[in-house]
Amino acid sequence: MEQSQNLSVQKPKAQNPRLRMLKTMLERLLQNKLAVFGGVVTFLLIFTAIFAPWLAPHDPTEQNYSAVLQAPSIEYWFGTDNLGRDIFSRVIYGAQVSLQAGLISVGIALIIGVPVGLISGYYRGFIDEYIIMRMTDAMLSIPALVLALALAAVLGAGLTNAMIAIGLVLTPNFVRLIRGEVLAHREKEYVEAGKASGISDFSIILKHILPNTIAPIMVQATLAIAAAIIVEASLSYLGLGTQPPNPSWGSMLATGQGYLDSAPWIALFPGALIFITVISINLFGDGIRDMLDPKMK
Amino acid sequence: MDDQMYSKKLLTTLLLTLLMVLAACGGNDQNDEAAGGEEEPEDLTNNDAEDTLVVGLDDDPPLLDPHLSTAQVESQIFKAVYETLINVDENLDPIPGLAKDWDVSEDGLTYTFYLQEGVTFHDGADFNAEAVKYNFERILDEDLGSPNASDLRLIEEMSVEDEYTFVVELEEPFAPFLSGLSHRAGQMVSPEAAEDESIDLSNEPVGTGPFQFVDRTAQSHLEFERHDDYWGDQPDYQYLEYHAFSNEDTRITNLVSGDLDIVNRVAHKDLEQLEENPEINMSEEDGIGFQGLMLNTDREPFDNQKVRQAMNYAVDREAITEVVFHNGAEPAVSPFAPSSWANNPDLEVPDREVEKAQELLEESGVEDLSFTLTVSPSPAEQQLSEMLKSMLDEVGFNVEIEQVEFGAILDRMYEGDFDIARLGWSGRVDPDGNAYSWFHTDETYNFTGSSNEQLDELLIDARTTVDQSERQEMYHEAAEILWDEAPYIFLYHENDYKPMKDNVQGFNHVPDGLIRPADLTLE
Amino acid sequence: MLSFLLRRAGLMIVILFFVSIIVFSLVNVLPGDPALMILGQEATDESLEALREDMGLNDPLVMQYFAWVGDLLQGDFGQSFRDNTEVSSLLAEKIPITLQLTVMSFAIAVLIAIPAGVISATRKGTLWDSSATLFALSGVSLPPFWLGILLIFIFAVTLGWFPPSGYVPITESVAQSLWYMLLPAVALGVRLSAELTRMLRSSLLEVLGSDYIRTGYAKGLLERAVVYGHALRNSILPVITVSALQFAAFLGGTVITEEIFNIPGLGQLLVTSIQTRDFPVLQGAVMFMALAVILINFLTDVLYSILDPRIKLTGGSQ
Amino acid sequence: MKNTSEEYQLQVRGLEVGFNNKKNFTQILNGVSFNVQKGETLCIVGESGCGKSLTSLSIMGLLPESGGIRSGEIRFEGQDLTNQSMKEMSKIRGNEISMIFQEPMTSLNPVHTVGKQIAEAVRIHRNVTKKEAYERVVEMFELVGIPSPRERVHNYPHEMSGGMRQRVMIAMALACNPKLLIADEPTTALDVTIQAQILDLLNELKADLDMSIVMITHDLGVVSEMGDQVLVMYAGEVIEYTDSRSLFDNPKHPYTQGLIESIPKLQGKTEELPVIKGSVPNPDEMPSGCRFSTRCAFAKQECFVQSPEEVGTEDHPVRCWMYSGEWQKMTPFEGGESNDNSSSEAVDRQPIRD
């Protein structure tokens, strides 16, 4: 009771400097032109993905056998593929798949990684040192794509399974990051004080340690989304990700590779979109990192 | 431990190289290491190009032991290193192989083979009736577990009449017996090599063929050399190599601008381009296989015949052969290719009839028409499956495509864990090979779970009848039953294409799709 | 030094133990019956059961695990389901190919990154710097498969300078082998190169501001000698650490690069083994890759201690 | 100035140095001039931020990239160093003019042995073999008093103590027999006892090797031990310039006086002056009048407005209004920042006059 009262009293006071900090942070972000560029493009991509049905001029799965392998034209801006489907529309819908894959797999990694990292770092001990940490070491020594590939093979082809596989593969990164942050914070005074005043471990972790780890988690998560998009595209390229006829940039690339000489647009457009998406998210993530802590660079 | 040491060494080397690179960079400019290599992409081989024929295969042949072999691509290799008792010509009629002649008794039960004389295996062993007997026994040996034993299963007794005469007694007449001997079951391995524990026939084949095995680089290529003691005509060239390129684009590139001389398979999307290329000759021949959809009749909705029939009308076979195969395939309605004597000309390829399909679906009363279509993840398969989905969804099905590796598809077949699978057959010389094991109740490849007594009877009669016109009747009828039962949706017969460099001559296009390297000459 | 090595070796073994558990459990939950895989389509139930018994597939999983690890320790990776080849000999065949790709792309990465990083750091704020930074920024976001396809399209399909894919063993023709491997090596190396450029730039900037660099100039060294003789070696240390940490990702990149350029290396072996459910090969390839990553990291620490005399390998975990 | 330039080892005239920011040029050194005779030690004294180090770096041609000499000349044996090319400068540096730095801990490259680093300097300027260069290093080690020199050449910097490292730096600087040694706070980072040893060493070597020294320090204790001539700098300007005896006996500028008063309290590493409050103003907030006016206890109103000229004798110039004819006529300053923070003690003090 007492605590919550304290909090409510402190809040209005605390808000001002916080607001100011937020303002300077935003200013810092806006000064970083590349980050702004990345953010704007990322936003546009999210917008495109959400409003794909209204933006796409054609049904992305509609086949037109009389317009197979057409070069870009006014009717088909990015040309058509080997089944006469509109590549522009497929690329737009592909944004849905890629962004979804990036967000959900990172979400999975966070859901597993954050609690494990928090608990492991807070309690330390044998399980932390010899099981969890060595397990993350082991997972990190297997190349992410290889592990994702094997996991996706175990789970079966498909976007959902690919996202689970990617999420699992990304998890150890978050476990390590969060554990490191916890280790840095658990000896701090406010944690000691909390312990001394008999606050439960659970609320110390949740109320005191977790908020302090949010900034680095945000940065890592943003960059992990970019990585996840690449892995998803790789899995789809290898046929283990999104299943046809759903448009995925990776599988479009795989189809297009066979037509590089006769219909290069099939591969070039989705590939360019992967690149633009990943670089935008990376720039945006770098920007957030610099915003939160200019020295971290 | 050896391998760990090995990898350790490799890594150390890597690290040292890294260091050297760093050091070199710190010191001075570094030359671009590729500066010297501005040649054309040629020379896969270190053998003399003039005297080497290089064949491009679509896959690495796993098992080089013909008696254990199941993969189609392995048969390509066998044509170099092994020989069969019986051969087939361009019309798929039997011609002499290692048996220079044979007699079949009136009742079709006794086969007498008169063998070529003066044939030796590559390891020096003599080829004779004992060797044939050894081979047959090897195939029938349960310990070996030969998947090709079924071709010989009806043998009741075999005897060595004299050194070059071999007699086989069958339990009952078996029409496809000879054609089986033109395939894996008729391939003769060296008995000495087979007995030798130190020789692994799966990796180092020893036969009587025109070429003998030299070396194999696993999952990459195989090298052969002319067998100097070959009993027949000596091949035109000294060295023969098989290079595996599972990637169809790479395979074609290496034919067009690399040093492949002939290729066993080509993606249909590349047909036009290759036909236009003046330096490439393309040989085309009707195929003997069939391709289509395997329906699981033990599962809903395909336990309903009307649903299955609806599929027959829902698919547009012409569109498929045009878009996916660039007209390099024939629409199919039965397991027998149009060129086969077993083909039923009365069965015509129907147009796509959406309304009829929908009617049939309505009649069936089945409401849940969603299912998973399992395909292997090759580009053409993917393209095909997407077309099928589009066509089937339109009449009311709800198709989900699932890409699964071929091996895993087979796995699911055996466990009956599938709705519809894209699975076809490369075909056999005798129509029995396209029908019996696929559509007879509970036979090896009848994963559909379908069973039709009348069909079973016909298929058994057809294989135990010797007279071809009688057999033809039976197969015509069988095809009609299959169309009506529709446990399998026949889609197309793929034509066989063999593109080769224009200096490759003498190619004899047998519809079994096998390249007989000894026929080829290099100009 | 010795105690450090022992500690690190101990840690390596523990990590490898966990890797082996991951690899083993992955494969044992993969769908597919190894016995069926080996015997093929026409196997009888009896022969399948016999083989399962023979392979120990009916034993409890723990027993199977120890049997597998026991074989591994004796260098026995098992046999391929596909063609019965020894997995170890398959690996031995494929590793040099991947190694060639790795070394070439590493060399390319370093060849680009060192001048780019140096120019960018020593000519800070110039157009050179901006170009190098742009390269670094876009390079890290270029997925190797997309870059690979782009390179194929430009240099193989359009210009016809390079073969679009394929591989020539280095034993057959060195020049050809390098030529064939050049595009893939670039496709794989650019990302690392960008990463290294970025690292090297910031690391070099830091070092160039340090006192001993001023000392170097004060004793009469020219810029070139200062940068290459003093600054580079010091600034490369953190870069080496980063590239070692990147090695896992780099090795992962070989998988997709080999697929795109159809190079019959370890990566392609791995993909094929997944596709064909060839478990022993899959296990062997993954185990080897993890071993390589772990060893590289270990060797990096050793290398680090050689390059930086301040570090005495006396202890401390990572 | 009676002496011709040839007699001077080093002659600095009207040196103006500053930094290029995004758009404008921030000037730091404002017309610095001084001479160093052969065999003489000149000490440059001042707080940090006075421009001492910048002066020394200008001589060495080691200004940071954004820095630049706007005008003035630096003559070394008659030759103007400001218009030498990089290449020519590198022939002079470490050879004719050497420099030792404040931080012996960080001024040596940690990844090379000390011997290698010195040998490198020798080999740049002398056409000798590696072995000969190492011999020279050993010789230098003996000279600067490093025990068991033959073993020590193979040490890495981190294996040596701070004092030893500074000896290494000295050995490196002197390895090519320079005519001029610039020592930038060579003892600041060291313990007091070591400081004395190093200063003694420098004095000895100066005599033995017949070289000139420019010693940069904030510590007048060092000046008293080393300096023949002393240059007091404040905020980029020379405010007083004389021989060390006159300086201690008769410091003129209030700043110098403050410095001298601070001596007993100034120990070791701190550069905060206990007597004169405040700190050197930022270059972009320079007072328009006398630069010291903001901290000067005696400042009159005009001091804040107009910059004083250099006055006093030729042997002892000083930049302060107090010594000009106008001082008496100037309006005393009443109230204001500078007096607020000057202690009563400071106010009591009277300027010492001739």
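Going in written order, the chains are labelled A, B, C and D, and every chain counts its residues from 1.
One rule holds in what follows: a contact is a pair of C-beta atoms (placed from the backbone, for glycine too) under 8 Å apart; a residue touches a chain by one contact, two chains touch by 3 or more.
Everything numeric in this text was worked out from a predicted model, so none of it was measured.
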Neighbouring chains shared between chain A and chain C, ordered by label: B
Identity of the most central chain, Cα criterion: C
Relative to chain B, chain with the most remote C-alpha centre: D
Interchain centroid distance [CA atoms averaged], chain C/chain D, Å: 53
Averaged-CA centre spacing for the pair chain C and chain B, given as whole angstrom: 37
Gap in Å, rounded to a whole number, between the CA centres of chain D and chain A: 56
Chain A-chain B separation of Cα centroids, rounded to whole Å: 45
Per-residue multi-chain contacts in chain A, two or more chains: 156, 238, 257, 260-261
Sites on chain B at which at least two other chains make contact: 249, 377
All touching chain pairs, where touch follows the definition stated at the start: A-B, A-C, B-C, C-D
Parts of chain C lying in touch with chain D, wherever the complex brings them together: 124, 210-212, 214-223, 225, 229-230, 233-234, 307-310
Contact set on chain B toward chain C in their complex: 1-4, 6-8, 10-15, 17-19, 21-22, 25-27, 30, 32-34, 36-39, 41-46, 62-63, 68, 70, 142, 145, 147, 149-150, 200, 202-203, 217-220, 245-247, 249-250, 253-254, 257-258, 377, 405-408, 410-411, 414, 444-445
Contact footprint of chain C on chain D as seen in their complex: 60, 62, 65, 86-87, 90-95, 98-99, 101, 103, 106-112, 117, 120-121, 124-125, 156, 158, 169, 172-173
Residue ranges of chain A touching chain B (in the complex, touch as defined): 61-63, 65, 68, 82-84, 156-158, 238-240, 243-245, 251, 254-255, 257-262
Chain A to chain C touching residues, read off their complex: 34, 130, 134-135, 137-147, 149-151, 153-154, 156, 226, 230, 233-234, 237-238, 250, 253, 256-257, 260-261, 264, 267-268, 271, 274-275, 278-279, 282-283, 297
